[in-house]
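Letters A, B, C and D mark the chains in the order given here, with residues in each chain numbered from 1 onward.
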Amino acid sequence: MQSTQISFEKLRKDFPILQRTVRDNKTLVYLDNASTTQKPNQVIDAITDYYKNHNANIHRAVYALAEEATELYEATRDKIANFIHVKNREEIIFVRGTTEAINLVAYAWGRTHIQKDDIIVTTEYEHHSNIVPWQLLTQEKGAKLEYIRMDDNGELILDDLDKYLATGKVKLVTFSLMSNVLGTITDAEKIVSKCKEYGVLTLIDGAQAVPHMPVNIEKLDCDFFAFSGHKMLGPTGIGVLWVRKSVLQTMNPFHGGGDMIREVHKYETTWNDLPYKFEAGTPNIADVIGFGAAIDYLTNLGMDNVREHEIELTNYAIEKLSQINGLTIYGTKDISKRGGVISFNFADVHPHDVAQIIDEEGIAVRSGHHCAQVLMERLNVAATSRASFYIYNTKEEIDSLINSLNKVARIFKL
Amino acid sequence: MQSTQISFEKLRKDFPILQRTVRDNKTLVYLDNASTTQKPNQVIDAITDYYKNHNANIHRAVYALAEEATELYEATRDKIANFIHVKNREEIIFVRGTTEAINLVAYAWGRTHIQKDDIIVTTEYEHHSNIVPWQLLTQEKGAKLEYIRMDDNGELILDDLDKYLATGKVKLVTFSLMSNVLGTITDAEKIVSKCKEYGVLTLIDGAQAVPHMPVNIEKLDCDFFAFSGHKMLGPTGIGVLWVRKSVLQTMNPFHGGGDMIREVHKYETTWNDLPYKFEAGTPNIADVIGFGAAIDYLTNLGMDNVREHEIELTNYAIEKLSQINGLTIYGTKDISKRGGVISFNFADVHPHDVAQIIDEEGIAVRSGHHCAQVLMERLNVAATSRASFYIYNTKEEIDSLINSLNKVARIFKL
Amino acid sequence: MSSNADIYHEMIIDYSRNPVNYGKIENPDVTFHDSNPLCGDSIDIDMKIVDDKVSDIKFHGKGCAICMACSSVLTEITKGKGIEEVRNITKHDVLSELGLEHLQAVRIKCALLSLKVLKSALYSYLGKHMTDSQDVDKLKEEAANLY
Amino acid sequence: MSSNADIYHEMIIDYSRNPVNYGKIENPDVTFHDSNPLCGDSIDIDMKIVDDKVSDIKFHGKGCAICMACSSVLTEITKGKGIEEVRNITKHDVLSELGLEHLQAVRIKCALLSLKVLKSALYSYLGKHMTDSQDVDKLKEEAANLY
């Protein structure tokens, strides 16, 4: 465990973009970390070093560069296994991101395991990438997609899960470990243990959780787990799908092509060992290596410290935002049940207008449906504004956000 | 058009890795360009600049960074359209590479358009990524996969195509524009025009062609076209699928998730406009931008000049290699019909042993089946050694290759 | 270039709070719905068309101040105009009315969503009443080149 | 570290040109095939097993000098040994015989393909003759941890 005396203020110097100004010479205040995070020099340098010194295709050639590239690439797999507490490195599959991970499951597992009248259960606060693949699958198979509803506090109503499980028709329950809109942390262990009673598989969307708190897959005990590198200091274009080996062994290949085969003949083909069976074609080698550097960075910080820092910021922000007249915060205010994602609406001002006005002050927040239209419908809003924090954010930046909201109030005469 | 007086020797300084030594202080001679190419500073810098100055998720947010990132990302789409002569930018879909591109077609087009007893035609000299997806598809659908055979000169026997087309059952003909083993340039216009007579769609695997010669999609007049960025100076993890708009409009979505939707409701969803319908989730933004820099680099050089430079090198290499006793070169020696990829075997020495011995001299060539086992069976060899050239290679490097082969002869007492 | 925040002048704020021609028409001659996939804004337009003239037009939906103001202005411009005139309304007509000519790319889509819906509505109306297939083709091309 | 090319000593070259125990056995008691997905090397091993002893063993297939030499050495080591002894043959036993202890990762797979095939053959033979399911599980684990 790391010391909690880590200076989060000091690590800002690792992030070159934080020195930038935007618009009329305003200091950048980047508060859209749930969408994607900024990258430290350590990650950028790892990518650069790969291209300047080791670039080669992996796994297949005997020459020096290829050997080095393969070692660097495979080292990230071990770092990830360690980071999320996975014992078998061959359960870790590299993909583009959470979206591809979930779609891979829908194709390579779903297409053979889901039949007519089967039920897949998701939740009302999922990202589109954990809804649309299941709509496509269930519609194709004549199966059903059902939703665990959310209460007014932003927490799941688990009675719904019980009801669906009792039908005996559920084949998969899928949910995010942290909502990308409300920040709610799902009680995953409870859901998984309920599902296990019925022998139902579980998929966890860890896109928002893995970057922001310690995650232990062994303890979660789910069957599928997905997350994205770019939301945790890593490069764009790389993510992870973890699948329990016994389940992975029941899955068909997804993409056909190089690297995933054992022997190709004209009319029949045999498959490579795990995980390569699911990694067809030249992978995103440089970004896998860059992702390794991101994991090193977070490991050095300690995920407990990351979580603690965000709790501090989130508490501070909720307190300040709550003082603004006419401002509504969605979801629970109990910090033990939420991460550093705060969605809000400001009187009758549309979130786009909020975002645009505060952008003039250098503040980057997201406005819109956040790829969660089902949740917007549930909240009965068209959109929200969302501020989300990461390791480099400070209380001063939250003060800037609050100040900029005063400008919104002025312009809209609130 | 560029001047042909371009100094290819001078551009080596743009490639930092070429200054490297490997093994016992040997200068790197990188001759595995068909597998992946090295990257110039211009490409590396574009990626670095993106992360240091503009990194943000695209398309969805109103703040300054997001605006800049979106513009940079979309600019690459225009550069590609220009580079391969495509009129509609919305026909260009970003994918991880050629493998994903072809699999996308097999899923999003194939799963709905291929039925029992239909025929898909490929060729004996395809890369696994243009065979295995069609094996998976035809096996699932009870359809058939047939092969256009290759003659002893490494050229396709087009009578086979006529025979299959005459059955009236062919739905797709798919082939690479340049073989990654023999370098054969396929007579694409002839194949496409034959297919058009029967109303049969065509897919061209351009992974080896686009990096090495001018390619004009309008002239080729095919329906699908795929290629990879990393084989043409670009970063790993990015490639292109082009689909004729009228065909694209008949295709189902592939991945479900963010960005590809119009409206998501609990039980139904509508799709975004082209090409976004096929780009689900956070894309590989940085590498799309890096790819744009690679295209700028090649555009500045002029693809005619690139082709000319490689013809010179290939002629020189074939001449030198032909003088080695016991060395067999596969494929045609007619330079107008081939690119800069030379596969060979040296007496009874296995290609792995060749590659390993010359690696000690700093020479990086590929040995193995080159993801083309069907072709290996056709050539009746277990594997070949392959040297493949690019813009930064020189005649001196080919001399080094020849010298290193003498060492192989010594060790194996040839 | 003027600051982006300058676009939030009195008129926009007023229109956004009190949109003009907001609502539905009973038994419209044509109705059309579309939304902006990226931000979730969504607009419906209903029209009454009498003697090749837009005798009534109303819109409803969800959107930001820009979207609401532009929809208001657009329906004001449209009301009472002949079909051919409506066909010729340009984005400039809408944007200039509100001083939004320099809107950034991502917001342009908010400003012009209602224009897109109006044109789509018009094309679907015209398409139904056209006999000449050449005219229909021309219409389709126009629709494709909207922005 | 010695140069990688040093691995190509006389003995390896000889074995590669004149492999020992190369060929097929008629009516073998067990036969197994596997290949290396990345390079395409492929090896078949046939064995005769009499009184829990490997009375005969032959291999055939395609591979580089390293692969051929190691297969030769491995079959020489194996021939005449009891099943339990064969079960205990390690990669070190094969590599040290040819001075290949420091082989780089990608070539290790060439060197040990035949060992993998031998073990798989043995396990499939044992699995068929086992009654105790615990033993079978142990076997499976052994197989999984081969390299």
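Everything below uses one rule, namely that a contact is a pair of C-beta atoms (placed from the backbone, for glycine too) under 8 Å apart; a residue touches a chain by one contact, two chains touch by 3 or more.
Keep in mind that what you see is a predicted model, and the values were worked out from it rather than measured.
Enquirer: Considering only chains that satisfy the touch condition with chain A, which of them also satisfy it with chain B?
Expert: The shared contacts of chain A and chain B, listed by label, come to C, D.
Enquirer: Considering only mean CA positions as chain centres, point out the chain farthest from chain A.
Expert: Most remote chain from chain A, centroid-wise, comes out as D.
Enquirer: Rounded to a whole Å, what is the gap between the Cα centroids of chain A and chain C?
Expert: 37
Enquirer: Between chain B and chain C, what's the gap in Å when you average each chain's C-alpha atoms?
Expert: Roughly 45 Å separates the two chain centres.
Enquirer: Distance from the CA centroid of chain C to that of chain D, rounded to the nearest Å?
Expert: About 75 Å, centre to centre.
Enquirer: Among the residues of chain C, which ones contact at least 2 other chains?
Expert: 38-40, 42, 107
Enquirer: Name the residues of chain B that each touch 2 or more other chains.
Expert: Within chain B, the residues that touch at least two other chains are 23, 60-62, 66, 259, 261, 263, 352, 356, 359, 367-368, 373.
Enquirer: Which residues of chain B touch chain C once you look at their complex with the stated criterion?
Expert: Within the complex, chain B contacts chain C at residues 59-62, 66-67, 70-71, 259, 261-263, 272-273, 276.
Enquirer: Contact residues on chain D for chain A in the complex?
Expert: Against chain A, chain D makes touches at 35, 37-40, 42, 104-107.
Enquirer: Write out the stretch or stretches of chain D touching chain B in their complex.
Expert: 3-5, 7-8, 13, 16-17, 38-42, 62-67, 107, 110
Enquirer: Which residues of chain B touch chain A in the complex?
Expert: Touch residues, chain B against chain A: 16-17, 20, 22-23, 28, 30, 32, 35-36, 38-39, 43-44, 47-48, 51-57, 60-66, 96-100, 102-103, 106-107, 127-129, 131-136, 145, 147, 228, 230, 235-238, 252-261, 263-269, 280-287, 352, 355-356, 359, 362-368, 371, 373-374, 377.
Enquirer: Flag every residue of chain A that touches chain C in the complex, lowest number first.
Expert: 23-24, 348-353, 356-357, 359-360, 367-369, 373, 376, 382-383, 407, 411-413
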